[in-house]
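Following this line, the structures themselves.
In the two assemblies presented below, chain A is common to both, partnered first by chain B and then by chain C.
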Partner chain A sequence: MGALGKPIILMIVMYLFLKFVLPIIPGSAPLPSSLIFLYLILTASGIVIYETLSGESKDAFWGPIQRFLTGENIGGLQALRYGVLILFPLLVGWQTYGSTATSDLPPTESRTIHPAPPGEYTGLVNPVPKTPENIMQGKGFYAAFCSPCHGGNFDGKGPAARGYIPAPANFADPTTIAMLQESYLFWRIKKGGVGLPIEGAPWKSAMPRWELELPDEWIWKIIMGEYDGAHQSPRTWE
Partner chain B sequence: MSAIQQERETIQPSLQTDRSHGGWLASLLLTAVWLALPSIGIAAEGTAAGPTEYRDIPYIGSRNLVWIVAQLHLLLAGFVLGVPIFAWLCEVIAWRGGEKRYDKLAKEFTKLLTSAYATTALFGGILLFLLVAFYPKLMNYLTDVFFPSFLLYCLLFLFETATLYLYWYGWDAMQHGRKKTLHVFLGFLLNFFALFIMIVPNAWATFQSSPVVISEGTAIERAWAATWNPTWWPINIHRLIANVVLGGYICGAYAGVRYLSVKSKEDREHYDWMGYVGNFIGVFGLLALPFAGYWLMREIYQYNQQMGITLMGGFLSWLFIIQAMLIGVLFLGSNYYFWLGITYRIPGSEAKYRKAMLMMLISLLLCLAVWMTPHSLVASIEEAQKMGGAHHPLLGVLGVMSAKMTVSNLMILITFMSFVMYWRAGKEDTAGWAKLGKAVMGAVLVLASLAVIVLGVWGYFVPAIVRINYFSTSQVLIVIFVILTITPLTALLLKSAKTTTEMVWGSMPPRAGYSLVLNAVMVILLMTLMGYARSSSRVHWHVYGVMRDSSPYAYSPALGSASLIMAFCTFFFCILVAFIFWVATMGDKYKAAGGPGKEELPHGIPAMAGGAPDERKKT
Partner chain C sequence: MKPANHAVRRVLQGGLAAIAVLVIGGAGVTFAQESVAVRAAIVTGGLPVDDPNAAVWSSAPPATFPMSPQVHWPDRIQEVTVKDVIVRALHDDQQVAFLVEYSDPTQDPDDGAALEFMVGEKKAHFAHGQPMLQVEGGPVNIWFWKHKEDKAVDMSAKGFGTLKPQTHQDVKAKAAYSNGTWKIVFSRALSTDHPEEDVQITSGEFISIAFAVWDGRKDAAGELVEKGSQKAVSSWWYFRADAPPDYSSYMYAAVAAALALGFQFVLIRKLKKGQ
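Our next item is the complex of A and B:
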């Protein structure tokens, strides 16, 4: 087991790191099992690649596995071998059953955060001039209508935010509104969660349909206020 | 009497007459009838009084059939258009440098090419018939727009075929003196026509995604405007490079399979070397491919925000995570092959480079981990609650383009350095400036890597347009600068270097052959995946924003069912290529087994079967 020891320890250490250490780093959170699985697969691939780079390292790594599986000169480990040969298929079967059997748990989500906007919204340009007054006015509207959820600091941590899963978008995060054009925000604010298209399933957005409350001009001003307050810039092509 | 009955009455007597030829003929005819069903109007759709707009086919469905045939045609075409580029380059190297083995290699590549050419044309013909039968309205519209280029395409095809015949059959007859120059020129012409054969149909396909329609002007003016659409050149460049990558890896896989099966030392050496060249060509293209892909996506995004978001942020965005995985396997597989080469072909080098290989492997895996981390994670309700949504608060930043561009550039740099390491292995520098040269190269590499990372991190804090237009471009330029600096410096150093260990060809372990096959399968899967992405980005439009798809198939298939078709296309293409190569090498195997001389064969071995021209000369 000499050459196998290191890879096994590495896999265990990696798992413990991803499962227990990474989540306690300030600002972090527990990783979903899909991501842990992905990183462990990469680690295992790395181990196999490295250990098979030469004939000697391959024999040292693969030899014990082969001997164990074929039962060649393994002495007292024979019982363990039979155990593995019986348990492994059972484990695969159990895993397969578990992933296909009917369950009362909601399914795992692969939600599309940024579904494509309808054609009539693409290419729209903010008609409101970008003046300090309009931006200030936009921030005022934002404070009144948006900040309870999206936060006074534009960080998605408004007083009502804790009531929502998923949490309201954090505009200060450079991976949210900074990736989008103003016309996209206009569509999302105007139509809200109920206006999401089919590809936006499972439509988990509590965003109100603001077109019922606010005129378009206010929405455009809010967009300007959001970008300015979150210190971000909209995506443009010029 | 219905059309089906008429058909049945015609077919049945024929079947009875031909019964003596065996069941295979009956099966063939039945298949032909089944394929011909759409043309006799089964499930034809159109307006009550108007012409037929769509036809369908039972069970498989018209869309799926066209999808499969189009994908197979594209894969074959990619191979057929990619291989002549490096076959010709190999011939030029042999011609100018005098190394005969490159000429033999070029000839072997061309043999594969001639075998695949007919099959490509066959699938192209089937695709055309199916399109005309299933989508008459669309084809009518496209014919109206592109009629002049249809004629041009036919001419190009004639020239390409004639040139290929001359190039292949004239190989041995044009080996010396001015005749060789003429042969090399024919190779150039072959590539010249091949390039246009690729870019003309690219115009038709890209027009569907980003149409430019003008209502005035002559037919040629309208066709030209439609051809020069926003995504035409990005696709041309992307496909040109991708074809080289596909061709290289498939030739590598061919060499890998042959390497695993041949017995003689000479053959093992040859196919080991051929596998190395195939992998090198694949890697060479792979280094440039992400740049071309990025440019294409940028143009799509700029052309239409909706299409860009559908691809990169919408329901097709998951494809790019799968894409990352496939490209990652390709990078890992290619590097693994280089490292195995250092270990096995250059005895004694393993100890020297093992640490470096470990560092490169760790770096590649870290980069791949970043590339494969999605922006929105697949999570259960419980897991999503703990994260506060589908974004991980810490790792979510790895899910956007700035991170992806950075790691893809770093992976290109690492792979390039793998090659440089392979190149240098077994040699000792003797030049007086070697120390300084290596220090300069090391500094360039370290500084370039740091610059790529700094630009990547900085990219989060600048407007998107600054990142896209300046930072990402600068990252690419930095990588190109490294390649253009280190390659000539290494070549200069090695010119005067002393060879301490001779390269031993034919000593690679079987897993090297398998890794070549794996690379080929990955690149085929990658092409089927991105073919689906490009086509699906049009959503419910035949011609985006111009002609709506009003058939029952005007929906995008779910990723799961799409992946079934992609897997089938990959599997079938591999089987097809294996068959073509088997046929192509049948003559060689027969000859090697000591079969009767060529004189005894009645008709020689056809070009389709890779019959070598030298064999014909003997008769």
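Our next item is the complex of A and C:
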């Protein structure tokens, strides 16, 4: 089992790493099972190529596999052999069932949370001077127009938010307005949910198209009030 | 080594082999997620289209959907009475029936509820199929019920202000109120002759569905509080009429397992002969 033991251990370690270790690395995320499967196939292919590079290593690799399958002189491993011979057809049957049975799950949907804005909304500079009075006024507009969904605490938990999917953005979360420019917020507030491109799934967003109701100057003031109230700063390129 | 120890070792080895195979094979398996759909189970012997309290409804799994005040359209509202709707559905391969249930402390003539569906292949905005700026949207089909008429109106819309009853009325509704709860049954044939304005329901396929509710209470001045676009709404969810059971996957699985077994048999024979 010497030449076989190492590859089996390597495969198990690789699986455990992909499944449990990789997701806890900061900035990472759990891998979809299809990707884990692909990586394991690649690992197995790598092992086979490595082990069959020379005639000597080829015999060392395949010899035990042949002996294991035919069951000759493998002593205590006989039970393992029967286990594999029984489980392999069952596994093939199970996978076939899984790929042909109709799913009870609704279609999965991917949605880009911050899709690219139209060209005319990149790089705009807030024309309203950042004075305490303007910030104060922006917070007042925010309280009147935005807080029902985005929340009085800028946390996306306003009283009107509960039924909406996608949920209203939480501005206190560092992955929302803190990584966006003021220009981007201006676009999103002005055009609302219906202004999103197809990858943003505009048919699901409840965000109003505020250009129909608010002058641009108010929108710029609301942006200032949002950043100040959520204790965030706009992203800049300096 | 003692025979007992030997047997234990064999069992352990077999178990380890089984775990190794399951771990590697299990990589392709996905697990069920939280329900985001209402599903219509198949019933035989008639749908309870006129009876919101029929016993057969308890056989349909309930799905609960949260509601929000409508804020998208400028004629909005900040607070609504109904916070959740509980929805069940049944079908008999000809007709579909939905039971919409929610708490409303008062029974008012202007109480109302509606189901909304996307029509055709194009996506429609959940707010009455409101036009989208970068995506060409489709129309929505709305099944509307109001207490004082206690009947359904089959409607179409493509944006706020475009809602109108259809010339062909295909939907029925029947409601019952008791103990602070409305139960409304909407029913229709799975398919109609007007696919450009009516949602077509094919068993086994998921389609988009949304809900709206109006509490018909009046304020101190005698004005309706919830009316028109001032209502409780939900986001898009999924609906599916279950397909009849299909056992072909079991057959495919059995054939595949038999083939794998045969492959093993031939392989081992070849290996033995080769030696």
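The rule we apply is simple: the second predicted complex is superposed on the first by the 130 of 238 C-alpha atoms of A that agree within 3 Å, B and C clash if a C-alpha of one lies under 4 Å from a C-alpha of the other, contacts with A are read in each partner's own complex, and residues count from 1 in each chain.
To be clear about the criterion, contacts are C-beta pairs under 8 Å (C-beta built on N, C-alpha and C of every residue); 3 or more make two chains touch, one makes a residue touch a chain.
None of the values given here were measured: they were computed from a predicted structure.
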item: Touched partner set for A:106, first chain B, second chain C, both or neither; value: both
item: First, second, both or neither for A:34, with chain B first and chain C second; value: both
item: First (chain B), second (chain C), both or neither touched by A:20; value: neither
item: Which of chain B and chain C A:165 touches, first, second, both or neither; value: both
item: Chain B versus chain C as contact partner of A:119, first or second or both or neither; value: first
item: Which superposed partner A:91 touches (first chain B, second chain C, both, neither); value: second
item: Touching partner for A:174 - first (chain B), second (chain C), both, neither; value: first
item: Shared chain A surface residues [contacts with chain B and with chain C]; value: 33-34, 105-106, 165
item: In the complex with chain A, residue positions of chain B that touch it; value: 302, 304-307, 309-310, 313-315, 317-318, 332, 336, 339-340, 343-344, 350, 354, 357-358, 361-362, 365, 368-369, 372-373, 375-381, 383-397, 399-400, 460-465, 509, 511, 545
item: Parts of chain A lying in touch with chain B, wherever the complex brings them together; value: 22, 25, 27-35, 38-39, 42-43, 45-46, 49-50, 52-55, 58, 105-106, 108-119, 122-123, 165-167, 173-175, 178-179, 181, 183-184, 199, 233-238
item: Residue numbers on chain A that touch chain C, as the complex places them; value: 8, 11-12, 15, 33-34, 36-37, 40, 66, 69-70, 72, 76-80, 82-85, 87-98, 100-102, 104-107, 148-149, 159-165, 191-198, 201-204, 206-208, 212-213
item: Chain C to chain A touching residues, read off their complex; value: 6, 9-11, 13-18, 20-25, 27-30, 32-33, 36-37, 39, 65-69, 71-74, 76, 78-79, 83, 123-127, 130-135, 137, 204, 206, 232-236, 238, 240, 243, 246, 248-250, 252-261, 264, 267-268, 271-272, 275
